[in-house]
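Both complexes below contain chain A, partnered by chain B and then by chain C.
Moving on, here comes the complex of A and B:
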């Protein structure tokens, strides 16, 4: 039982990181109709900038600095690329984001080099024990911070005018335009929120005992099964999907290591993703699209 | 009809060109009577380096590649080989199979040999091409699976040897006996290389009295959480854990173990450590040892002195690392092969391949001298143990030694 609780806790912590990344994907998709393949690189940039700023200022300031840099990068991409290409079709835009991903990756390597660096999290190697279960402080911080971010997002979307405008744009762009909502500004806002979420995800993805390295961006793509499982247009689904993927990976590593050459836990999230696509293609919490013909 | 004729002729021309393009240029004789193959002129010898300059292992790879290039620069400053300068032709594999194939194709007609192919993934991607092109290749893929590929040479001790020797060293340190057994565990990847490392550890444990393998958890390269594996290690009660991991996984395992209150002695193969891990793992490395098949920058031997002097002369802005030492040694072996081929007046690929047979390479004290034999055998069973200094550099705690257990494992597996 202790092992189950231990692994379950770590699975939830990892899952919350995937949830934050998945949320970023979903917000961009809903807000601007774009699946942004460069989002993983935004996660990496967020972690690298925090790490670079940490030695020179208090952590909270380093975090804000990283949010500023990453959001600025996202807005630059959105303004110079997305707006110009949005009329060319979804495929063109998605391919363009792949190109952005390559460019940002190269930029990360040019600025910070190719090696592993330190840990970018706000807490170190400390732990808290509840009975026989050890709770790393870095994992507690991950879960608490993620929950606070989710509450903040909920309040934003439900209680603020910008949140309402963003929801309206995601629901029906033409109707939102007709209501006087600046849809272009809403596109930018969705990318900015996603970039901020990327920073939070990045610092916890690189929290002790993990380290910052260029491969963080690739890990971020592990959130894709989370989005599909939860539903491409559902914020709640992104969170649930992320936690499911995290739990599968960690519990799978613990209980299924004797099967599939020890790689079953790697594959299971994708198996689940395929099952969901077959049985419920819009995801567990996604909405079924209806077209009037 | 013309509408069909033009495209047909164009396709035919393209097919003809690509059929011709795969073949390297034939040999010719230089003005000094030396037979010259692809990449060789009267003035230069081109040697390919296929490494990861921008991918997941780029930190170590870039450092290693520079070590080889500095060796070439030093040789060139002293007249080169056969009066010819060695020119490094670099290709970025990004540690990706497709990229490796493309990078190889981009240079295969223009180089005499490959002085370095980094990583088992890259070697596997191009070993058919290497065999087809008779391309002598040095593989920085220190494992036995690589060694047996045709035209591929591993001129240093393999990771399996480092781990096997690590087992015997740990047993000696603990005073292990049948009455006072030492419990050990191995941590390896789920790929074929991980299986080879685990097998070497098992064999060494079997051959060493008083040693028992109590756990063998594995990890996938994409794993970001190692709680499950560390819990298994902790529950097994292993006193010593052998790490056949990469640097990122090393940080994950050592850090997670610290969080779970598990503090074994760690013995890592050389590929598991990079100096940049010293900062995130500060305070957790008192019982961390690295088994290396070659010396480190802190060694007071002619080879390291030469390396440092060469860096000051040819790469003053770069800081050598222990991966640079590895690259330097590969450069040493490459130059030795070229020199022997030159002495035999045959700088073709066949000439280099012949030169590599039973080639003696003196590494000037950085690691014991080796003989490359037939290219399919482990060239050296020697390694030594190191601790980690505050700056992440390795400091030896003993001399090079070759355990009977490692030799027995090699013999049993036909190496």
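Moving on, here comes the complex of A and C:
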């Protein structure tokens, strides 16, 4: 039971990180009707920049610096690529983001090299004991920060005019345009929010016991099963899907290590994703029928 | 008051109709291409470039497969690497463990991959667009896990030997000998072998495109709902397209490993799928020539940059742990950049870019005849 609680807590913590990345995917998909395969690289850039700035300034300033850099990168990609390609169809845009992903990956390796670096988390390797259960501080920090970010996001979408405009754009672009909403600016806004979420996800994906390494972008792709499980156009689905994927990975690593070469937990989310696609192609929370034939 | 003026009839000249002329041009071009390809091993003397050429021929087979599903049928598939791997392991198992000749393991690789594709297809045909790209992405990760864990088949991280191509009792990796004299070097022999397979696959793809099946695929691509309304079995067309595409991928994977002689599970990652997609997109979606052009472009480009890098002062030759601009990284960066630039400036790809001068020429000639 103790082991289960410990693993469950860490699973939820990892799941919240996936949820943040998945939310980024969903916000971009809803806001600008594209799928950004370079999002994993945005997560990596966010973590690397925090790590590079950390020794020179207080942590919160390093975090803000990283948000600035990553959001600028996202806006640059959005302005130079998306605006030019949006009229040429979904396939073209998706492939272009693949190209961007390759470019950003190469740039990251050029600047920071292929080696692994230190941890980029806001808290160190300490632990807290509640009864028999040992909880790493980094997991607590992850869950607390993610919940705060989610609440902030909720308030933004529900209570601000920009949030309303963004939701309007997501539900019907032409109608939003007719109401005087600058749809182009909403595209940019959705990419900026996604990039900011990527930085938060990046620092927690690279906090104890994990470190910053070039493979962080691939790890971030584990958020993709999360969005499919949750439903590609549902914000709540992204969070639930993220937590499911995190729990599967951590509990799988803890309990299934004797089966399938001890790495079964790495593929279980993808297997579940394929099952969901067969049974409920629109995901647990997605709107029915949009992408179905 | 409106008067309808009938368009002046185009004067019938002695010159053949544009359609016939176009057909002749295509036949001429294909003939020239085949002759050129046959002559390559006698012109190119560098082993390095011959090796790259052989990789390009093999990649072109896989790219043609992706063209069937992406270019003809319009379904984004990121799972091509998984099907290439299935072909590779089928061929290696049959060729090494079961000691079967290549004319058994090569078709077997196609069949097993094709069947695997058709089995996956029912899950895939229910979804399209983004969902499909994402679902097929999962296939690559699951595949990579299976290869790394199934060590009796794949040899684990250490890899395993691939099936040899033995013709007349001679392993092609030793070249082709007649008595004591070497008729063909290893590179020449493999070039012709890969070229022969590519030609077969090209003819198949060409015929598919011009058949009822191919037209059905393109109808599904353009609007699946409309295709269904006019009586095309949409689901069956997609399943067949997946099967054919995967079969070509299997052949490509089997040849790739047979040429390398030895292979590890790590090479069947997401990057291989991205490479394949880049080839068909940059080459030109929906065209046969595009897949082949794209394959050659993406095999030759990194080597060109490596070669150029010797003359650029700010590029170091070897990879560093701490970063720095190295030739492989620069070529990777430019690779991404080329994808983006082509998509912005010529979404129809290199094949269209190459055709432009001819199209202009033809347009010019038609002006003259008027």
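The criterion applied here is as follows: the second predicted complex is superposed on the first by the 288 of 293 C-alpha atoms of A that agree within 3 Å, B and C clash if a C-alpha of one lies under 4 Å from a C-alpha of the other, contacts with A are read in each partner's own complex, and residues count from 1 in each chain.
We adopt the following convention: a contact is a pair of C-beta atoms (placed from the backbone, for glycine too) under 8 Å apart; a residue touches a chain by one contact, two chains touch by 3 or more.
Fair warning: this is a prediction, and the values are worked out from it, not measured in the lab.
Quick one: classify A:23 as touching chain B (first), chain C (second), both or neither.
Neither: A:23 stays clear of chain B and chain C.
Between chain B (first) and chain C (second), which, if any, makes contact with A:113: first, second, both or neither?
both
Would you sort A:7 into first (chain B), second (chain C), both or neither based on which partner it touches?
first
Once chain A of both complexes is superposed, is A:266 in touch with chain B (first), chain C (second), both, or neither?
Touch partners of A:266: chain B and chain C.
Check whether A:257 is in contact with chain B, with chain C, with both or with neither, and answer first, second, both or neither.
first
With both complexes superposed on chain A, which partner does A:170 reach: first (chain B), second (chain C), both or neither?
So A:170 meets neither chain B nor chain C here.
Could you look at A:74 and tell me whether it touches chain B, chain C, both or neither (first, second, both, neither)?
In the superposition, A:74 contacts neither chain B nor chain C.
Name the contact category of A:47: first (chain B only), second (chain C only), both, or neither.
A:47 contacts neither chain B nor chain C.
Does chain B (first) or chain C (second) touch A:213, or do both, or does neither?
first
For chain A, give the residues common to its interface with chain B and its interface with chain C.
105-106, 109, 113-115, 218, 261, 263, 266
Considering only the defined contacts, which chain A positions touch chain C in the complex?
Contacts found on chain A: 29, 35, 81, 84-85, 88, 90-92, 94-96, 98-107, 109-115, 218, 221, 224-225, 227-228, 232, 260-261, 263, 266-267, 270-271, 273-274, 277-278, 281, 291-293.
Quick one: which bits of chain C touch chain A in the complex? Just the residue numbers, please.
Residues 70, 74, 76, 122-123, 125-131, 133-135, 137-139, 141-142, 145, 148-149, 151, 224, 234-235, 270, 274, 277-278, 281, 285, 319-326, 329-330, 332-333, 335-340, 343-344, 347 of chain C touch chain A in their complex.
Considering only the defined contacts, which chain A positions touch chain B in the complex?
3, 6-7, 10-11, 14, 105-106, 109, 113-119, 125, 127, 134, 136, 138, 205, 208-211, 213-215, 218-219, 222, 249-251, 253-255, 257, 261-263, 265-266
Any idea which chain B residues touch chain A in the complex?
Contacts found on chain B: 53-56, 58-62, 190, 217-220, 222-229, 231-232, 235, 247-248, 251-256, 258-261, 274, 276-277, 279-280, 284.
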